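As structure tokens, here come the structures.
What follows is a pair of complexes built around subunit A, which joins subunit B in one and subunit C in the other.
This part shows the complex of A and B:
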């Protein structure tokens, strides 16, 4: 696992209060504790961890852990 | 005529569900008719419980209850089963409508194949006051059994007043960005049904693309939100996006929005030609108490405005507490079943618990609170209630202080942290970013042995919720 993926995974574990082995590409909005409030906490965690500002379309598109990785690649992050 | 009896043209759209179902006012009328027939005939006024979603079915069940003059409790359909059960035990509703259709409750049996309507096994005869229309929770997610009792007159008056100051007509297309069990969310539905508008019903959140797809597809004309909703919209860049192309009006209530955000939204609204209403209210006043006319907002940032049509606001000369009088002031509270027989206990006068000041032009500003509560994501949480629950769970001393969206729980024993987090996250459904749990040994006390909240707040470096 790359360092970037470890960072992303840590953000998801922290915000969703889930153990690491329960975070998969399919972990998605509406399941577990991922609601609108957790969504904003994830956005804040990702923005600060990777030093970027995701745009509107990406914020709405980040509906699963897998999608979050895809979006980060768009911003040139190797993950 | 009240909004629950509609005489709008039968072919006019009343609501659109998020899966695309379109029901006209004629459809709603006939569905209310069949809904009423599915309830057993009774000799006395009954009590219903709606575990609702923002869906056409929940809307019909709500209107059918009002028409049949059964009092009805509205709760969020996503509320934890254990909390819904607490309400059921306290109030023993005669029937329960569960929008999700998956409620299993002892003493109740389903009457429909979809399990959405449940009846109490044993019919109870009891006196419910004839004025009692609606029972709403002031803190939806805690499942507190304390409810606000609202009359038919309260609900009708507030809907009419809101429709008047927002200048609503049948061309409006509001979208449900708040739950209908929440007073503000319900007020949007009531005031628009009154004017014959088409309501877009969805449970999706503004953080989901599906919400905005639905929003754009049906060209929503207005948007409502609590402070947190607007913070999300700003952070996500949505207010400047094309998603809101069809919007004409924004309204905000449910707590104090930081003046910086009000200014930012005001500026965007001015550029895009939207009306932006900053408003104030309480469940105890059905929903709405005051608003700032949008054309005056620029010079009144931070104000809660002036009273709505039909209401008056004054300040208590000694305490400065804001007193509201109007036809929308609740009958009183209910703590359990026995309170359902009670009539009006307030006489149209509400002590809001907020301390305010009034400027020379009659605009009001909230400057503090009489009671110990905080708002978390627009929901009111009484700090004493949370403390009582946590004390019961841990068996030890616990103290809560904090400010809006920032609850602080102080413990004397570090080992209590796990059960406290279980209650806050598991039962109250609070996200961990909304609270902090800290260990302070011993908790500061006053000379009389009570928890010294100002000292505690100071040691935690926070502003007191006072």
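This part shows the complex of A and C:
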């Protein structure tokens, strides 16, 4: 697993209080702890971890862990 | 329901027909899924669910949300229950959202704000206390507004502490950190006025000149203090040094219907919403230029029958498709609340029938 992927998974684990092995590409908004407040915290954690500020469309489109990876690739992050 | 990428591009000729279809479809949906709503249609609209014009659509008075639970999806699908902050004698409106309606409301807000701010998230000062957003299940209109608009920003600064006092050092730090960048300052109108503006007068002028100030939440308290929209703008520009000030009008009973002010000072209806004016006593639809009760329509509310609502606000429609700001659609102004006594008849009638 790349370092970037580990960083991303760490952000998800921390914000959603999920064990690492429960984060899959299908982990999505609206399931258990990923509500609108957690969503903002996730975006902030990702922005901060990868030193970027994702734009509003991406913020809105980041509906799953899988999507988060796609979005990071858009910003030039290898993941 | 689709959220238009360009909220202000559609002309009336196209919008009327499209929205009517969508609102008819929603009327039918809610009649099938919400028993009290079906009974209203049956009692007051001969059980019709298909209407030939926007003016004929059945309008629910917002007051009804304080007295009955109006919901069109099973309880297990409700993810949020919004409530209004009325005075306790009136009770609180309850608005039930499922994932789909909540999501659609968010997309509507972002689409409208994108047309104003672009798609980049901007450093944002929220003139409120961080604890306003921390209730997870039940949301007040204020919490929803803060949470909704905060998605537009990054590096959020919640300006007020628990005692509603400004954290001046943090503001100074924030403005230095973001020197030269466009800032977004957001808050409820009265909170900005009372807790930020009034306090700043004691300290000398601020320079938030890269700032866009967006505020909403009602004018009642400021009207009581004789502060008009023009006066408010002047004070914000003068004292806080912000460049642009935009008021927005919205209703917790129809979140997602955000009517934001343009550079001309007019409120605009986006693609998924519309307004009409009714006479406060006869409820007849009124022409442009006539003052009356605001009726709001939206193609978003699916989890509760909030798609056609008669508000308790007075206003008038100024025009359609021809605002000098270049946005298409209706543009209007809101002039304040209807005194309580006058609206009782409408809601009482509905109450009796249920």
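Here is the rule we go by: the second predicted complex is superposed on the first by the 79 of 79 C-alpha atoms of A that agree within 3 Å, B and C clash if a C-alpha of one lies under 4 Å from a C-alpha of the other, contacts with A are read in each partner's own complex, and residues count from 1 in each chain.
As a working rule, contacts are C-beta pairs under 8 Å (C-beta built on N, C-alpha and C of every residue); 3 or more make two chains touch, one makes a residue touch a chain.
Here the structure is a predicted model, which means the values were calculated and not measured.
**Student:** Once the structures are superposed on A, label A:31 by its partner contacts, choosing first (subunit B), second (subunit C), both or neither.
**Tutor:** neither
**Student:** Who does A:55 touch here: subunit B (first), subunit C (second), both, or neither?
**Tutor:** both
**Student:** State whether A:2 touches subunit B only (first), subunit C only (second), both chains, or neither.
**Tutor:** The answer is neither, since A:2 touches no partner chain.
**Student:** After superposing on the shared chain, does subunit C or subunit B touch more subunit A residues?
**Tutor:** Greater contact footprint in residues on subunit A: B.
**Student:** For A:40, using the defined touch cut-off, is the partner it touches subunit B, subunit C, both, or neither? Pick first, second, both or neither.
**Tutor:** both
**Student:** Please write out, lowest number first, the residues of subunit A touched by both subunit B and subunit C across the two complexes.
**Tutor:** 30, 35-37, 40, 55-56, 59-60
**Student:** Where on subunit A is subunit C touching in the complex?
**Tutor:** Those in contact with subunit C are residues 30, 35-37, 40, 44, 47, 53-57, 59-60.
**Student:** Could you pull out which subunit C residues touch subunit A in their complex?
**Tutor:** For subunit C paired with subunit A, touching residues are 79, 99, 102, 106-107, 110, 113-114, 119-121, 133-134, 136, 147, 150-152, 154.
**Student:** Which residues, counting only subunit B, touch subunit A once they are in their complex?
**Tutor:** Residues 205-209, 212, 228, 231-232, 235-238, 241, 243, 377, 425, 431-434 of subunit B touch subunit A in their complex.
**Student:** Give the list of subunit A residues in touch with subunit B in this complex.
**Tutor:** 15, 17, 29-30, 33, 35-41, 43, 55-56, 59-61, 63
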